[in-house]
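Just so it is clear, A, B, C and D label the chains in written order, and each chain counts residues from 1 on its own.
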């Protein structure tokens, strides 16, 4: 982790806490890297156990072994969690951070499962530990990529919200329209159900559990399908058509930009139209580039 | 609202009408903002009531409360509508504008429902009031965005129409072809039905309520599916492949543009091929930027 | 039509043939435009009749009227076809051109239907006359757009073929794999059937008439689904992520290009990174442009 | 093949081996091209036989002929394989290369089929010989394109892996959530099954073999569907909206770049904002270009 995050949590200054911290939170030493690798293996293995345990045929055979493994994992993750809390200077900060909450959620289910068996399926939450796995594997790179992705999403949040709100309104109005046109007899038993159908149609998923039976209903469905697919196809098609059309209209010379290999610059152009680099002077007998 | 729209409707000059106008149509004063927030809450709540009321299990329990709420909302919206008409100087202009019509449609259904019970589902039209909600929340921003979206759609209308007409022709011809090949016995009972199937296939929705059973039919279906998916995949794939291919062909130097961090400029380039900014002079021993 | 195409078909030089030609093939005169409009109406009406006639409920009622209308249309289109052949100087050229074949196909079915009733569904081929309709409506514009589209497709044909061949190979290999894993008992009755299923899966249509039942089969299906959807999502996501990431990294200045309104140019940039226009000199106290 | 690959395998120096090599591995001579064309025909034909043989109706009729053809193809491909091994100087290198393995897999199945009938479906592996077909048809071009495609994929592998890992995590968490909410009674019999359903939903395939029945389940499904479709629609829509919005904001002049026909340049612009070419001096009365 960067020193920035270290200061957030409070990197200890000396002693056994510092040694523990370098192993758990940092990956510069051999012990640190070994710890991370062991942690990754433990996470993947524990998730696989949860998946396998949910399949009746498998749990019937290996159920006992799975229970033992599950307790082993839980104890190991509990020790790790307590170790993390113990070695940072601001344990409360870690406990309330995203990864701290994930760690806690990872171990609580097993204890709950003993007391409340119906919570047993929450054991998969351990997959969220995989987020930490990416972090330790190639710390800087992945941290940068997920952070970049996160920042990009946050930056575009208004456009996304406006777009999604428009979709929700269309889906609500068209869904209710279908509810009126088709009616409960044809599967559209309520407006929420109709809206669910409208979403499956506009996102082109099309489960088929509810389908329009009347002609008017099928007409409205067609409009929705074209809307949902068109939102993808129309911009893509228009943008590509324009790019190719512009290429069609270029004067047919073989002047090639030596930077980006774009052909067909006008005789009087000085700069590459694609990349802005300065083009070589125009030689009418320049051999066409191979391809 | 901008003074432009105010002039459209006729902003009153003085008196109680002006005070009312500033509350209802403008959001500069505290009363104006409170009014807008209360309106948003009322709109969302009334729509939620409509949705809940359509679910039998819920309406069986709370039907009576919903009716009372619905009348309360209707009366509130009626008062609001009449207030709007009363305080502008050109009430007819408001009544015939998009939002004026939406407001009227929002209250009429409840009155109709008393007289004509089968119109009860049109109460959801209130969602259109949400359009007004976005407007009052972040007036300038959203107004600009929806207007920009609307103008963009209007500007591209010809390309969209040409594209859609091509899709409609393909869907009509292929649909009738399937109608001939598969026949009513396999679900393709008429050409309109076959066209509906063709749309579900080309837009990749694929409900599955009608499916081809013959080999020739499945062959034609495959062509349609590849057409519909390919319209999305082929341009995307080609554009991306070209972008990446061009990056592959760059001379392998580590010259990095300090504006956009694009690597690999040719030794003789003066301007960044990606962003056009002037590159630093070429130093053969420049350390590669960390990544 | 342009004089180019006129020369192709042989524009007559004088007399009744020239007058007929100007009405049918050209839209400069009032008679020519009236003819085109009447033709459009006739085409749309005749196609609507074919569609309506295929719906049993409707044809049971209006079948007789449809037959009469159909013969009227056929006679009208026959007269038009013969008129076209009569007034051009190279009738054979027209008869073998795309539109000439479409015109012939438009009238033959009705005659066939008398002799061979099972060909009755080919009457929809008249929709191909709609292609001519676009041409006469806004001749230059649409002709340019469809021709541009056609040329663009022809120009990219190799990339499209390479891309499609890769898709076909994946679909063939994965389909046969599913045929081996799932077997005829689960619906994968033959390799062609399995390939049909593979296409519905990779193009994300997902009819659901054939679905994998075994765990291994579902695993392979998941891979195919991610392949088909990923071909769309991965490039789109990567391109957008890069665009947004680059915007993240720009130095936070408010220097705005007055051409394209792109913000955030570096203090030392001389040219707009987006459009290459020369930027105004940097004034540190330039007010930020309104959003 | 390029001399680079030739040196990999060891182009023989003289004699019958060199003559054989030029026919099989090279396409410069007439014999070489004939060989390649015959090979293509043999590959396509043998694959078609495998496909046809898997259809019961067809194999019932022509099964005998198919068996004979299959042995003929196998013998031909065996001879070709042995010939390839015989004429290169490093046969082991060829045998372990991708195409060498494909060739071996192409002939082994028939021999296996005699000994182990249940492997009969692996005969389709011959489609992989089609890879070699593309190579011989337009060697340089296709080699370049597939290699370019391969290199592009390898270069982007990290972004792709990060993206896919994010998708897998979402699908695993949401799938298990549905498993908890819907339960085995509604088809979500195990977590792997629920994850399979989540993938069909997020990739918008939507088979419909498993569908949510509860209201909460349908709500979660709606979120997943909007996620899967939105990953495609939101970036496309945002990028296109920005492109069009920028075009909206340009000053309305008719200054047209003579290179790319982009209209609407500002009066003071010197370079085309789209293509960077120098614009003609501004004439206020320039006639708008026809469109």
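In this section, contacts are C-beta pairs under 8 Å (C-beta built on N, C-alpha and C of every residue); 3 or more make two chains touch, one makes a residue touch a chain.
Every value quoted in this text rests on a predicted model; they were computed, and no experiment measured them.
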Do the two copies subunit C and subunit D share over half of their interface residue numbers, or under half; same or different? different
Using each chain's Cα centroid, which is most distant from the centroid of subunit A? C
Centroid distance [mean C-alpha coordinates] between subunit C and subunit B, Å: 24
Within subunit B, the set of residues that touch 2 or more other chains is 141, 149, 156, 159, 192, 195, 204-208, 228, 232, 236, 238-241, 271-272, 276
Under the touch definition given earlier, write down the residues of subunit B that touch subunit A in their complex. 47, 50-51, 54-56, 121-122, 124-125, 127-128, 130-131, 134, 141-142, 145-146, 149, 156, 159-160, 163-164, 167, 192-193, 195-196, 199-200, 202-209, 228, 231-232, 235-236, 238-239, 246, 249, 265-266, 269-274, 276, 291
Sort out for me which residues of subunit B touch subunit D in the complex. 148-149, 151-152, 155-156, 204-208, 232, 240-241, 244-245, 247-248
Over in the complex, which subunit B residues touch subunit C? Could you list them? 141, 144, 158-159, 162, 165-166, 169, 172-173, 176, 179-180, 189-192, 195, 201, 204-208, 211, 215, 218-219, 221-222, 225-226, 228-230, 232-234, 236-241, 243, 258-261, 271-272, 275-278
